[in-house]
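Two complexes follow with chain A in common, the first pairing it with chain B and the second with chain C.
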Partner chain A sequence: MIQNLTDGILVGSILSLGAIGLTMVMHMLRFANFSHAELLSIGAYSALVFDAVFAAILPVLTAKIGPLSMTWALALSMILAVGTTAISALLIDRLIFRRVRDKGSELSMVFASFGVAMIIRNAMGLIFGLGTNLYSKDIVFAVVLSRDPLLLIKPDQVFALVAALAIMLVLHLILSRTTLGYALRAVAENPALAQVNGIRLSHMIMLVWLVGGGLAAIAGVFYGLTNQISPMIGRDLVLPIFAATIVGGIGSIYGAVLGGFIVGIAANMALAILPSGYSPSVPFLIILAVLLIRPNGLFGEERA
Partner chain B sequence: MVDAALKVEGVTAGYVPDLPILKEVTLTAQRGQVTVIIGPNGAGKSTLIKAIAGLVSLSAGRIIHEGADISGIRPDQLAGHGVSYVPQMDNIFRTLTIRQNLDLALRSAGAEAASRLDELYARFPPLAEKRNEKAGALSGGQRQFLAVAMALASKPSLILMDEPSAGLSPKAAQEVLECARGLAEQGVTILLVEQNVNQALRLSDYCFILAEGCNQVEGPAADLMNDPVVGEIYLGAKRVKSA
Partner chain C sequence: MIGVLSYAVFFTTIASILAIAVLGLNLQWGNTGLFNGGVVAFFGAGAYGTMILGGTPQADHLGGFNLFYPLALLGGAAAAGILAWIVGILTLRLRHDYLAIATFGIAVTFENFMRNAETITGGAKGLRGFERPLRNWIGDGFVYNFVFLCFVLILLYAVYRFLQHLVGSPFGRLLRAIREDEEAARSIGKSPSRVRLIAFITGSVIMGISGGLYATFYAFVSPQDVLPMLTFQVWAMLIVGGAGNNRGAVMGAFVIWGAWSGSGWLLSRFAPIEAQLYTGSFQYILIGSVIVGMLLWRPQGLFPEQLVVSQSGKSGRLSREGD
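The block that comes next holds the complex of A and B.
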């Protein structure tokens, strides 16, 4: 049970990073973006490509960082992947979503997001193959933290959790201490009022795509670091990330963080009770329960 | 001597193309005066304010503020033209603290931000006392004062107010309208839409009456308040008599 809880917290941190971007986009642009989880895939594969390039041109960077399987090359690759994914998110908006937004309804946007998800997923499969990839083929043994009850944890998992929490802390400080953060929260709460207070909506939309894409890239790399990289990352994570967003309340960044942990823990705790094949249904059940009991989520507010 | 700070010239506007709500509306607001727009529900009063604020696009006409054509400007450019807009409802950011709301409004004040914040706190002491509380926890009247304080942050020469007394107690409504009057006496031009006709006319200098998106009657507020024909047709005769 304690092992499931620990694993749930680790998975939850990755879901939280993905859900932050999704909740901002869903609230500001008022559409359910089913392609958001594919940004994790773009991030994970971008880092894989950059890692291979660094390994080829600067072999010195292939040294591991402490007890982690992560190398200096991968650490640098992750930073570049953040930029690549953020720009990809912005380009997807410019090329597809903005055009649909200008001409179609919110429903058209949802269907467009399905299309974008399919294109990205299949493009990843075409380029990198349908098999799985790993950042490191070296075996990293889990550390036994407790024998009774048994609790195993990999250094990579601890790193991913600590780094995710640090990123969330930085985001919290930006949102709660800077006027840029206030502006982001203002736009999320009331875009029209934000505009008449001098905030340029188009700049904020651009910022939301960049931040959402960047966080998704980090989540994708952490997912690849603690699991495997495959073109199906988006398919596998879209539902848990949506569940995290809905649990937290659409538009609430803090809600998305909490929602990520709730969904991650619930899905992993369910493994202790249910056969593993039923585990993916847990986010579905969470979404249904939240929509029935508290439709606006934990921190969400009713919208006109 | 007073002169026009704002001229609305033959404005036609609406939310849907080819379905105008405002039809060739013309209006002038004199500098340092309170000008009120009244009329029955659906007259287009709020649409007119929103059109001036750039939130509703114009299909004809133009809007001149202090000699500059501000027709069709983006809402985020309002402050740069010396115009502030206080929406009717949801006019503060409820999830931000009072201080954060004001900091946001003071974003472009640069080095003057700290002194302007002190000025706003001095003008609205209850906001200073509750500066670290969430704005959503404020009473209706205090929310309106916060909205006005945010509007004042950019030192505007014109403030557009959409039904500032809506949903307030009579006492709070009176305080908000008196605040608007006080700002006008300090040289700020106020253009407000009001449903609270008697109170608005008492505190205003000039009044425009709209109906079905068109200009109907205009004149000094005191004259309109005592005009029995206008009172019966547009303002409700009983309310005028009781004033």
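The block that comes next holds the complex of A and C.
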């Protein structure tokens, strides 16, 4: 039980990072972006590529950082992956979403996002193979924190959790203390009024994609570090991430953080009761429960 | 020659069955503007419902009520309707994203449940023990398939006529009114969420009929038949055909099913052997590109919705049609 709770918190931090970007996009552009989870996949795979490049040209970097299986090369790769994924998110918007947006309704965007998700996911499968990949082939042993109740934790998981929390703190500071943060929130709140105040809507949309993409890349690398990398990352994470945004209330960044942890913990705790085969269903049950009890989520406001 | 003919019958049967599902989606999306991200769940509910109600008793899973076939098919459709009611009642009052996410979620959960709940659904092995109706009289071969195709075509035509009638009726106008301007519809005393729920359930029941026919055709259903891919195929059919146009929906079903089967055949025939493993990926990219491409370059589809002016400008007709 304690083990499930701990695992849930670790998975939760990854879901939170993904959900922050998704909730921002959903709030500002007003459509459910089913391709958001593919950004995690792009992040995980681009880090894999950069990692291989670094290992080839600068073998020094393959030294491990402390007890982690993460190497300096991977740490650098992660930073580059953040950039690549952020730019990919922007490019996808430029090439597809913006054009659909100019042309049709918000619901056409949902359709388009499904199409985009399918193209990205299967292109990944074609490029990197349908099998799974790992950043490090070495086996990292879990540290036994306590024997009764049994509690095992891998150093990588702790690192991912701490790093995710630190990133969320930075994001919080930016949103609450800077003019940029105010502008972002203003646009999400009321685009027309924000524009009257001289905020460039197109710049803010760009920013949301960049931030969302960057956070997704980090989540993807952490997911790859603590699980494995496969083209199906997007398929497996899309529903949990949506569940996190719904639990938190669409549009609420803090709600998304909390929602991620709630979904991660609930999904792992449920495994203590349900056979593990049912785990893909848990996010949907959480969504149903939230819609029954508190349809607008924990922090969401009512909006048509 | 008989090979070509029997393939043509097979192809037309599947395309027509899917066309029924596309018509159901057209009522939801094309006419009412409801986004159903889990077509396959309602299709699957119809398929599993029909099989369980109409099958022979089995030792290892639920089912075998041996119901008279039309009743089994109706039962399957009702199962799809109940599923739609549950999702609809929870989400249709909220902003539109919720319906998209919840329907997507129910499709994932449906497939997951069918795969795992072995005692109810036969699990990954699927449901067996279904006798195709009238098999004792007609036999199993080409003639049966031809007769079944006629049955499917009759149902397709019936659903088409029903929807054409519905769209032209005052209720159809109400659907379009809500799709175009919910506030305005509300201001004249209509209840958008109730009307949406009716349209959503009706569309899902139609998808359930389609699923029931599909299961009947194969006399077998398994979790492999309710993968998310089917949702995307049905959408691609509607978008290519033209959302809002029932004739387009049927045409789209044939065009996309042809492209799908054709691309699969070409890949299996001409692609190098090591690429065969990736056939699915190529086909997925194809469907994804069709969806995105149509939205970018021809969002109205090949057969656009024909906007009807309900009341002509002539004052004489106006007073007669005032309903």
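Here is the rule we use: the second predicted complex is superposed on the first by the 303 of 304 C-alpha atoms of A that agree within 3 Å, B and C clash if a C-alpha of one lies under 4 Å from a C-alpha of the other, contacts with A are read in each partner's own complex, and residues count from 1 in each chain.
Here, a contact is a pair of C-beta atoms (placed from the backbone, for glycine too) under 8 Å apart; a residue touches a chain by one contact, two chains touch by 3 or more.
Note that the coordinates shown come from a computational prediction; the quantities given were computed from them, not determined experimentally.
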item: Which of chain B and chain C A:121 touches, first, second, both or neither; value: second
item: First (chain B), second (chain C), both or neither touched by A:281; value: second
item: Contacts of A:186 with chain B and chain C, given as first, second, both or neither; value: first
item: Chain B versus chain C as contact partner of A:52, first or second or both or neither; value: neither
item: Touched partner set for A:166, first chain B, second chain C, both or neither; value: neither
item: Which partner, chain B or chain C, touches more chain A residues; value: C
item: First (chain B), second (chain C), both or neither touched by A:142; value: neither
item: Contacts of A:196 with chain B and chain C, given as first, second, both or neither; value: first
item: Chain B and chain C contact sites that coincide on chain A, given as residue numbers; value: none
item: Complex contacts: residues of chain A adjacent to chain C; value: 26, 30-32, 34, 96, 99-100, 103-108, 110-112, 114-119, 121-123, 125-126, 130, 238-239, 242-243, 246, 250, 275, 277-278, 280-281, 283-285, 287-288, 291-292, 295-296, 303-304
item: Of chain A, residues touching chain B in the complex; value: 179, 182-183, 185-186, 189-190, 192-201
item: Touch list for chain B against partner chain A, complex; value: 53, 55, 74-76, 78-80, 84-85, 87, 90-96, 100, 103-105, 107-108, 150, 154
item: Interfacial residue positions of chain C with respect to chain A in the complex; value: 29, 33, 35, 37, 90-91, 93-98, 100-102, 104-106, 108-109, 112-113, 115-116, 182, 232, 235, 239, 277-278, 280-282, 284-285, 287-292, 295-296, 299
